[in-house]
Amino acid sequence: MGSVNPFFLGCTLSLVLSLSAFGLIMIFTWRRPKLSLAISLTVSTICLIIAWLTFIKLSALKEPLILSVDWMMSDQIRVPFGFLLDPTSLLMFVIVATISWLIQLYSIGYMAGDSGFGRYYAFLSLFALSMLGLVISSGLLQLYICWELVGLSSYLLIGFWYEKFSASEAGKKAFVVTRFGDIGFFMGLAFLVLNFGTLDIHSINSAAMSKAFPAWLLTPAALLIFCGIMGKSAQFPIHVWLPDAMEGPTPVSALLHSATMVAAGMYLLTRLFPFFSCSPTAMTVILTICTITLLLSSTIGMVATDIKQVWAYSTISQLGFMGMGLAAAGLTGGYLFAGFYHLTTHAGFKALLFLCAGVFIHHFHTNDFFVMSAKGGRRLLIPMVTVTIGALALAGIFPFSGFFSKEAILAELWNLPNKMWLGLGLLGAFLTAYYTFRVIFVLLFPRPQAVGGGHGVEEEHGHGHGQEEEHGVPWVMAVPLIILAGFTCVLGFLQAPIQKFLLGEVHHHAPNYVLLVSAVGCALGGIGMAWLDWGAKGAKWEGFIRKVPVVENFFIQKWYMDHFWRWFLNTVIYGLFSRTFTYNDRRVVDGGVDAVAFGTIGSGRLLSFIQTAFLQLNLLFMVLVLGGIGIYLLMGR
Amino acid sequence: MESARMLVFNQLETYLYLALMLFAIGLYGVLARRNLIAVLISVELILNAASINFMAFNRFLAPTPAVGQVITLFIMAVAAAEAAIALSIIVAVYRKLRSVNIEQATELRG
Amino acid sequence: MNWLISLITPVGLASGAFIMVVAMTLLGALIAVAARNIFHNVLGLALCLIGVAGLFLYLNSPFVALMEILIYVGAICIAICFAIMLSAPMYLPLPPRHPLKILGALAGAGLVFAFLALLTKKTTWAAASVRSDDWSITTIGHYLLTDYVLIFEVISLLLVVAMLGAVVTARGGRGSS
Amino acid sequence: MTEHLASFPVLSCMLLAPPLGLFVLLFLKEEQQFLIRVVSLVAAGISFALSIYTFAAYDQKLGGLQFVEKYEWVKTFGITYFVGVEGMNAPLLLLTGIVIFTGVLTMWELQDRVKEYFIFQLALVTGVFGVFMSYDMFFFFLFYEIAVVPMYILILIWGSTRKIYAAMKLTLYLMAGSGLIIPGILLLYASSGIFTFDMVRLHAVQFAPWVQKLTFVMMYLGFGVLAGVWPFHTWSPVGHVAAPTAVSMLHAGVLMKLGSFAILRVAMYLCPQGFQYWAQLMGLLAATGIVYGVFVGLAQTDLKYVIGYSSVSHMGIVGLGLATGTVDGLNGAVFQMFAHGVMTALFFSAVGFIYDRTHTRDIHELGGFSKIMPVASAFFITAALCGAGVPGMASFWAELLVLVAAVKVFTVRGLFAIAALVIGALFALRVVQNTFFNEPNPKFIHYEDVSPFLGLPRMILIGFMIFFGIFPQVMVGLIKTSIIPFIQGL
């Protein structure tokens, strides 16, 4: 076995180790927090090292490295197990490994004393396994498997505090809703494998680039696969699971929202970018859906009072933004860089924002940022600074990372012939800045009397309250914040190197000053608007949207999407199909069988009247019949 | 010899028709009589009809004339067994129903 | 008078005796099924069986005829007499005959008779080409203990079982003494 | 099909170990409970070990029938004792070994009529092993009936909810099925012209099309009853509910596979034209069963009913795979038989543990069991996730193969079956949420968790499930060796 590629070995090792960490903890050490932590963190560190080593060793790679072995070889369906190591996957590999390592570190503090500590780390290992497997997998089917595992681990982690009804409900919702999208993905895969023959990402992309796909195959397959992306990346109309997903522990939300679960969708879009861009129809659909998502989630974010919910909606809107960037690039023949770059930067600052929120929540035992503010949230210095950095990045302010990536996406939108998309993108940027700084200003300028503006957000409980009185932030929680804040600050200036790494060359555009000014203007306008509403001395602490109560209510009700799905589930699935089928089973199928049984018994009763027990009568009939038959037989002779 | 063969008691059919009559009379008894003992007597008639047939075939057709006799003996043995059982059943039925009328033994009526 | 003289010839005597035997058989059978008194039935049966024994004599086997009288008349008829004594008293009034039932029984018996008569008539009875004329009792005994030994044993088993069964059944089943 | 004779009668030993154990049990006293259990366990263990051995020692390169034993039994009727292993029955023998072994361990705590219970269970298993390894139609049917009949007694004596009704219903259904099978078998036997029950030889006979069509539909319906084909499925949830734990395990885990396996082995193998004629109907019924099962299961409140209907749905996947008549589909169908068997056994094993303690299976009354019995809950949740088609478990691969093949052959039905996956997930998670999550019911708070010994059988089941989930090629490669010649023979 001397000829095994070391990279293959390394990648496999990281997956196997993560899996065995999960298995070990679940089977043996789940009752022992310290041991579980040691196992999980060791594995995570090894994965981190492998990821960075692979990244560094392969950074000068010209051609994508494809390593694969057979996994399951049926007749027409062949699933290889392998890795496609190209710049995109390498970058993502590093990001995932880093963020999951940071979150494991952070969770030491956050989850300390929780009764399910060991289980928590087992699930984190599973999450790492599935996400690492996802980003480097060479075939779509392997990707789909990891994709489902990501869904599984997010289900387990969102519903981690299973005693709480809302948590278990949210976990179920996340799994089922994303599964709803995955059906499309699966159908797309089936369609593709039956008509194209292979699900190898590289060959699909090469075939797409050489226009080997007929349109009848391309567009349906692309749209079906996009269904899966919609589910995972929480795009309209199946975004409803993501806001609820914050029922899990906050580090999980950070993981989910930054580098793993939701990123998986956009990552897949990036991965199959050449394939998708061959179908303008599909790209237009994607663009439309992402734009709707962007606006929808930004407007809901404006009225949410739960800090995690605001960040959740901001995630959805940023994902929509990435999708827009990719779709626009696809339509104009551009590059995948902008969207993917935003995915990268977003991973950093969104993890940062969630971890900061986690510190606040951990400290104040509430999710409502109005209450945090009243209790003196701004006195927590490190998280306050870092959350502001994250917010600035999210709003797209120079020199933070978000600025650069948003500029890149807006540039792609600029290239579209229809400028409506650009306008909507700018509107999204404005709203993003507004709701982000609504949170920041509320935290910075507390007004104790205003508590109660919240809508009864429940306290996140379940973890130990041992260090209730302990002031300050434990270092295991602070270090990840600082690291991530550092990333957020520097990542923007690495645009050119990253672009070179991803695309192999740097595409210099002449700076588009109109776009620059309008984008920055929108961001600053949003911040200004937030300042007027929430920050300034005489601000009313009322969103400008309150002037139109109907619209505000519409936003507070989350565009009635939750209501719609709830209605759909209760009335159509449970009420219509399930009830009808059950009734049919009981009455028609079972009833039919019982009717046959009773009919048999009844006819037996009926016929039993013939049994008079007069033996001679029976015998007489017998004799008569026998004689008759005998004579009949003899007649012919 | 020729005339001897023509004699009525030297012809197979005579015995067959005789046995047949016996059989029909027995059958009539089985079908018509109400007394269980009378039914048993009728059954004995039927058995005898069979015996006669065997003996007749034995006399006129069979290659080895001992075989039919052996079988007739068997029939007698079986008839004896049958009679013993049937009579004991009759006694048991009488004890239970205080009657040997076959039409009153109707416990199996559906 | 010629026929009277001819009666005294061996053939004539044999024929006359044969007619008597046949008459005994049929008369006995008719009494056995038709008489209303159950005891008369038994006597009719006995008469019939003696007739059958006579037939067996005509069929060339005195041994079987002897056994017929011994077993049937001697044993079975006596057993039936016992059964009559053990069951319903004979002085009880008999229920009236049911004409429909008689008619049905006649029809059934008649139909079967017709069928079998037709069968007898239509069949060509062919004798075996080679026929031995060994009618001796020795041969019968020989057969019983060689070719038919299994049946013989089974019959003896049957008799034992029947006897036991008769005893058990007549006793009134388990538990009663 | 080439045949490779065995030097050591592995299969006969596997087949005879349970009846031998049964024979020993006859001489034990009811009071010697421990000894009774040990004897049953040893008997089951021998079969289990041999089934693993055949699975592992089967030579995939050589292919064909291996471990063959063939003795003439009744020459006049052409009946031979003919057993063997090939790719399609090796997994099922392994499955039977796993389920009987874990089943005996699961029933370790049984107190009521222990001796009789294990006697009947071993008798049942003898039949199951016999069906899976027989290549003679006479023995096939004989063992089939042996497997079916003890079920009646097992449910009637050791069962629970509505057991008399359930046992009667199950038996009548299966007997009605047999009533269709026997004429089918005899028709084949009579019209073959060679008067043999040997399936390999019968396979070479070209039956007239009408014979094939008639026989196939009779056998499909007859065996389909046991396989839980919609709409002949209603006996199965009722039966599962009434049966004691290990019997449910055997019943849903193994017995239902007898039906689907028989459809594959007898009906499709001997009547290929009949299969082609009826494939559309098979596909339709199977797809209906898949969708229907999950929807009905969604409305159930009894844990075992829920699992029962999930079985209907999963067996629909087996049926759909068979109906496709492609290598992928059949691979998937056989794999699904195995995966579903292990999964359902785990399901019932976990439910049985909880029911034995709490005496309720109403999901509204249960709740928060993850707090009370974390290990028992983990077992059930694992099974539920497997049922929801999560990758990493054996059933994922099976469903993948079947569904993709189904999309190829019956596009619309295949798409419906895929869409049922989401309801399947909802269905599994709803039960998990109601039973194991939320606040615990205070009534049950003091119950103890699974002991390591009783956890062992469940761990074995999970182990197999995950092993074949991670290394599907071990299974698919084996199944493929027999499916590819099978398809070529169609």
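Going in written order, the chains are labelled A, B, C and D, and every chain counts its residues from 1.
In the analysis below, contacts are C-beta pairs under 8 Å (C-beta built on N, C-alpha and C of every residue); 3 or more make two chains touch, one makes a residue touch a chain.
Quick caveat, the model's predicted, so the values are computed rather than measured.
Student: Is the C-beta contact count larger for A-C or for B-C?
Tutor: Top pair by contacting C-beta pairs is B-C.
Student: With chain centres defined as C-alpha means, what is the inter-centre distance between subunit B and subunit D in Å?
Tutor: Each chain's C-alpha centroid was found; their separation is 59 Å.
Student: Take the average of all CA coordinates in subunit A, do the same for subunit C, and state the distance between these two points in whole angstrom.
Tutor: Inter-chain centre distance comes to 99 Å.
Student: Quick check: how many Å separate the C-alpha centres of subunit B and subunit C?
Tutor: 5
Student: Between subunit A and subunit B, what is the separation of their C-alpha centroids in Å?
Tutor: Averaging C-alpha atoms per chain gives centres 94 Å apart.
Student: Hunt down the residues of subunit C that sit against at least two other chains at once, touch-wise.
Tutor: Correct list: 101, 104-105, 108-109, 112, 116.
Student: Give the residues of subunit A that touch two or more other chains, as numbers and ranges in rising order.
Tutor: In subunit A, 616, 620, 623 touch at least two other chains.
Student: Using the touch rule from the top of the page, what residues of subunit D touch 2 or more other chains?
Tutor: In subunit D, no residue touches at least two other chains, as defined above.
Student: For this structure, give each pair of chains that are touching.
Tutor: Result of the pairwise touch check is A-B, A-C, A-D, B-C.
Student: Which bits of subunit B are touching subunit C when the two form their complex?
Tutor: 3-4, 7-9, 12-13, 15-18, 20-29, 31-35, 37-38, 40-42, 44-45, 48, 51-52, 55-56, 58-67, 69-70, 72-74, 76-85, 87-92, 94-95, 98-101
Student: In their complex, what parts of subunit C are in touch with subunit B?
Tutor: So the residues of subunit C touching subunit B come out as 11, 14-15, 18, 22, 25-26, 29-30, 32-33, 38, 41-42, 44-45, 48-49, 52, 55-56, 58-61, 63-64, 67-68, 71-72, 75-76, 79-80, 82-84, 86-88, 95, 101-102, 104-106, 108-110, 112-113, 116-117, 120, 125-128, 130-136, 139-140, 142-144, 148, 151-152, 155, 158-159, 161-163, 165-167, 169-170, 172-173.
Student: Please name which positions on subunit A make contact with subunit D in the complex.
Tutor: Touch list, subunit A to subunit D: 26-27, 30, 70-77, 79, 141, 144-146, 148-149, 152, 155, 159, 162-165, 167-169, 171-172, 175-176, 179-180, 182-183, 186-187, 189-191, 193-194, 573-574, 577-579, 581-582, 585, 589-590, 593, 597.
Student: If we count contacts the way the header does, which residues on subunit A are in touch with subunit B in the complex?
Tutor: 607-616, 619-620, 623
Student: Note which residues of subunit D are touching subunit A in the complex, please.
Tutor: On the subunit D side, the touching residues are 169, 172-173, 231, 233-234, 292, 295-296, 298-300, 326-328, 331-332, 368, 370-371, 374, 378, 385, 388-392, 396-397, 400-401, 403-405, 407-408, 414-415, 418-419, 421-423, 425-426, 429-430, 433, 436-440, 459, 472-473, 476-477, 480, 484.
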